[in-house]
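Next up: the structures, one after another.
Two complexes come next, and they have one chain in common, subunit A, joined by subunit B in the first and subunit C in the second.
On to the complex of A and B.
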């Protein structure tokens, strides 16, 4: 990777989700040189894994595509995938970033023809579907993957499967001798856009995510609803494959809870409201969606979306945080227990499927890696100590796509100022 | 007791929440409740409560003083701590329930015949008399709380457990006469009296 040129005027963007891609594109379009680092084998992040996303309920194939095109067409952006940042040291205008580049075992001769995937027999859980489906150990991370290159999973190295993959490739793209390497990049400013991960639902013991098949998370429900997902877009129960027409959504699953995440994750109310529209889309008037909530936080201009969902006769709202969930073993139905706040009625409600609207937590420890100030939940704070490292998107706060993009653009503006200062000083 | 009630009602007129904050153990937490309902749903005795904890908190904030203090609800708490463990705001709900019950009792508003209140009194008197619980006296007292006939019935129903405890020497059948208190009974009484004085002064109960 000696061909990666970085100077004190380079902006390094860590994380290639919607925020990082936006930051890279915006910075490059102002004429700065950008290195975009992504830990996964492909750009796109969690937005790619959604069926539809706010603000306009686009499919990722639409919204992401625009960003990808801007990114591909810009010569100032250098994208490094499977790049894991180990440490950021230095100060504004002069950062040293050590990065480990994990091997893909496929070089740039790859045409994504898929011959290696067909040749390989081993199957591994597919992280793109949150493990709800399995895929071949030689795979394209997703249909929209950028770069469009296959990946050989390290688990098959040294097995006959790996050799089969190499032999199947007509272009000599499979290179099983690749080794991880660690490089050091120089940068004037860093945009930290490592994003979020869903809170581990199994930690919310009373909801039984780890015990009951038919308790799933909101991100898994997105995959179920996606025609390209593990069920081909059929909303069915994991236990028996029966159509889930009666679905409960539990808000604040992990968020706003001092036993779990202290902050409000902000997107989950809108996500569940959105997911009730998937239910109507699939089942029409036969859909039954019930949202259990403490209070609906339809942020910003989305109040009208909330009102639209409220007007839908298939959607019911129950003002109550569910106390616990039990399973009817005979049918696999889940039974939600609690007391509602509007009248204090005790309920034991039966549903086909329960979706936990899990909270967001930062996916990387920015404080440990880059030494920046973070708040009690681990989100990067903007402060005088940050120097030339700027949080963007969900690394800085629990944000929806719209606000993540705004946040990324704002961070680029700050990063550009740092780099411009350096340029002036260097003459 | 009635006088203290009048004095308190006068002092905190129209602001029952403030009264609770000042006088009820952990009462300062009541305003933190966000009405999610997890406590009520998690309570194993929940269906037996007239007003679940979440509703009690709301009633306090709505100033429904008499209704709360005369309620049987908080006397239902068995201190299982399920609510505290699950409360997203870590409110010490169990302690607040006991605090409310105790406060209602001090004001003379607690339901007179509430069995929990009567047993708690019995336990307290039994314990403080000698500084150590006289188990046989306490259990016989509990069984015969509602008269001789029900007492016999209750004792009969529990006879197997009782005999088992006798066999394993967990219960001293001669406790009525042979029960020994702690060494310094008078010291304990002095301590309790002093503690009572301090609490009364702090809470403005001193007549």
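On to the complex of A and C.
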């Protein structure tokens, strides 16, 4: 990628989810040159894997379509995917960023016609569905994928399948000889928008995520509910494919807990409230949703949403930190045990499926970057004013989408301040 | 512009060559589309294909028709400068939406041919836009409000090198922040209240050479557009100064909810019941004296304090605020710590229903617990203050389910009331309207900006007085271009969030002045250089455009003609859709450019049994859904002829009557959800389209046509499987009611 021109006035954005995309287009539309780095083969990040957003129950791809159009039409933005940041060195106004570009094995001749995908037989777990579905080893990461270009999974290299993919492409787009390449980018400022990952639910041993098929995470439930997802939107149990009409949602699964994440992840209450609407959408009055919670954190206007869900007769709220979960081996049902603290009743409640509202932790370790202040949870704090690396979105705090966008926009101004200072000094 | 010279190109890649007779398509473009140059190419988006087109452009082609994939694909490859480009979607919406079977070939080819005709027709009617010559170039930024939000916006914008004017109605900077004793911690270890730092911040503002501060002043008149706003700044003493600025940050803050509306909690009856602001005042006064806080009524030592959360908030009955103000749980904990700092033996109890301390607020919560603050889950019903000044708090203890729980001997009760935004006049409701969710419509109705805009003096509100925006994806986009709301006027928030919000709003303001200087549109059609123009001689001064513009971009001149303020325009085309005499157009989008496409198709006679259905599809949601349906292998009727529109709001009714008159058998419109939870990215476009369409029945009656000849549908971008179903259902409906009687006229 010798054609990447970066100067001390360039802003490098690390991470191409909603925060990084926002930062990139906002900076470019302010007249700055931007390089947007994304580790995955396509932009969009975690929000693209959501079925709907709270509180409007609209689809993330709608905003993404606008952002992609802004991005495609802006010549100031250079997007590098499968780009992994190795090292950031330097200081505000003069950073050197080492980036490894992993091979896609498909070059920019690709038209996304799909012929390679048809030719290849090997199937691999689909990360877009958190592994709940399988896909061809030559694939378009999602329908909204940008760049709109196929990827050859390295697992089929050297197999006849790889050759089949190459032969199927009429446009010479499959290039099996691609090698990883390490480049060094120059930048005046860096926006670090590497986002979050769901807390590893298996670490919450009493809930048995690693032992019981019918204990899943909230992000998996999003895919299950999505018509684009592994079940075509049918909400079914992993154990036996039976419709899951009676679902338990456990709040603070890993959050607000010094043994796991000490912070509150902010989004999980709203996410579970939202997911009860998927239940109603799918099963109508036959849906049974039970939310086990400590406090329902539906802040500001989101309170309206909470009140709407409270008014739904299919949704029940139990104030309780669930003690543990057992499985009825005969039926696959999960049984939640604990004490309802409103009145102190013990319960042993049976459900078809249990959804753990897992917490949010920063997905990249920002501690390794010199000059970046990181709090005990790993979120980037606003550093000393002479720094030039700024956290945005969930790399900086546990945030919902509108706050992530707000944070990303703010981080752009901080970056602009640095590059404007450089521009002035360089005359 | 020089003579029109159309180049039409048909790609044979991605199966187009196998599924379609591409040679025939070039002939359609040549004979019917009047293309001067026509070419086929086996792989149009590769460098040779692109170079071939570029060579023709260099040799005089100035309109380019590309029959290949969707405009959403290969946008970078087909990005030609200074020529109008029309993308004909032969891949996603023709061959991928039709069965590959041999018997489908004829209809598929007819579809492709019509699409080429439409592309050529569009190319004839559009030109590559050039920027508006009258754009403003003022790059100064006005900040209205000198609280933490306004001061932050000013400092951050100045730090990026921009000149700032800051207007504050009080005599000092600081706003509500200056009234606080301390603030909620915003850094690790998130354990103790921190100093607000407001004096240092105000000093930094005052000393910054790029910032000019106007104290005791308000903005009494604001006119213009991004890059050329003119603002009257009037001092309390009477003098007015007119200043020119390029963009505005509205940081007018909040007012605490009026606690006198909560007599059941004893506010106003006893000095020993205060709101959170009152407690801050007590703490500041005590700190200033270097003494502990004492009971207001009699100066007695305080031994017990109760905090009542959600006082007049989260009220589902609608008497008080319906929403949660977000900061109050942390604020009460902070205030309880004031007492614990004073004397750890003071009892402090917080009565709450849900404790809301997101993020690292959880550390602060644990710190409060460590310091001995008591948290009781309950709902306060009443506060009684006895003659001795001691209060009894009656509440429903939700843990013990004790409806008659009490705390007595309480020296001070603190009510956590919420934030009411200072958003000025709600321009969408009459000034004498009744209470809305606890806020009297007219109560805070003193205009903040005093805009001279035709649609009203302040920026539109969404709900509960908070300013309108897309809220989730695009929180800063207000409905007044170049004016950005920040802080609690946008949604309830604490200081840390207000700082972040102000910084983001300052960036948007900077972006607005940079783009205004180049004549470029703001979000969502960022970078679009086109702008609406109108043919004055045809205008009937009906005012629909000025009333309906979702962004208040259009005023009226002295002669009552519409006056377009291009800098405020978002290029949605709602004005174009509204205009009954069709005098409004854009260089690259007009009544004619779409109308010509509609009329360009070949309408088979009524005996052919080949109906034609026009689909006007929102380009951001319905149109991509159609593309993705094709990619996903969903097939749909071959009788559909889609035209992407910027917004359903831009749909002029003439397109529908023209389509029906020229023999189309049906018209479908697909747009976004409207109402409170609107998804329309032009806010009001979809709603207006719905309103206009509610009157289509009369038109149909006049034409003696069935009601089902027109169908309006709400379609989200994720309706990938549903869109083909909707099309097929409608096609079946049309088959059922029969062919249009208007064929061949």
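Heads up, the rule we're going with is that the second predicted complex is superposed on the first by the 421 of 427 C-alpha atoms of A that agree within 3 Å, B and C clash if a C-alpha of one lies under 4 Å from a C-alpha of the other, contacts with A are read in each partner's own complex, and residues count from 1 in each chain.
Note that in this section a contact is a pair of C-beta atoms (placed from the backbone, for glycine too) under 8 Å apart; a residue touches a chain by one contact, two chains touch by 3 or more.
Given the structure is predicted, the values throughout are model-derived calculations rather than measurements.
S.K.: Can you tell me whether subunit B or subunit C touches more residues on subunit A?
M.R.: Per-residue touch count on subunit A favours C.
S.K.: Tell me the contact category for A:206 with respect to subunit B and subunit C: first, second, both or neither.
M.R.: In the superposition, A:206 contacts subunit B only.
S.K.: In the superposed arrangement, does A:256 touch subunit B (first), subunit C (second), both or neither?
M.R.: both
S.K.: Is A:321 touching anything from subunit B or subunit C once the two structures are fitted on A? First, second, both or neither.
M.R.: Only subunit B; A:321 stays clear of subunit C.
S.K.: Check whether A:148 is in contact with subunit B, with subunit C, with both or with neither, and answer first, second, both or neither.
M.R.: Second partner only, subunit C.
S.K.: In the superposed arrangement, does A:228 touch subunit B (first), subunit C (second), both or neither?
M.R.: second
S.K.: If you stack the two complexes on chain A, which partner ends up touching A:341: first (subunit B), second (subunit C), both, or neither?
M.R.: both
S.K.: Examine A:133 and indicate which partner it touches, taking first as subunit B and second as subunit C; both and neither are also allowed.
M.R.: After superposition on chain A, A:133 lies in contact with neither partner.
S.K.: Applying the document's definition of touch, where does A:65 land relative to subunit B and subunit C: first, second, both, or neither?
M.R.: In the superposition, A:65 contacts subunit C only.
S.K.: Show which residues of subunit A both subunit B and subunit C reach, each in its own complex.
M.R.: 256, 319, 341, 344
S.K.: What does subunit B use to touch subunit A in their complex?
M.R.: Residue list for subunit B touching subunit A: 34-38, 40-42, 46-47, 51-52, 54-55, 85-86, 88-90.
S.K.: Quick one: in the complex, what on subunit A touches subunit B?
M.R.: 206, 252, 256-259, 294, 319-324, 337-341, 344, 346
S.K.: Report the residues of subunit A in contact with subunit C in the complex, numbered from low to high.
M.R.: Touching subunit C from subunit A are residues 18, 25-26, 29-31, 51, 53, 55-59, 61-63, 65-67, 69-70, 72-74, 109, 111-114, 143-144, 148, 170-171, 227-228, 256, 262-266, 295-304, 307, 319, 341-344, 375-377, 379, 381, 397-399, 401-403, 405-410, 412-414, 416-417, 420-421, 424.
S.K.: Which residues of subunit C touch subunit A in the complex?
M.R.: Counting only subunit C, the residues touching subunit A are 13-15, 43, 45-46, 69, 72-76, 79, 156-157, 159-161, 187-188, 314, 316, 322-326, 354-363, 366, 377, 398-401, 463-464, 466, 470-476, 491-493, 497, 500-501, 503-508, 510-511, 514-515, 523-524, 526-527, 620-621, 624, 628, 631-632, 672-673, 677, 679, 681, 716-718, 720-721.
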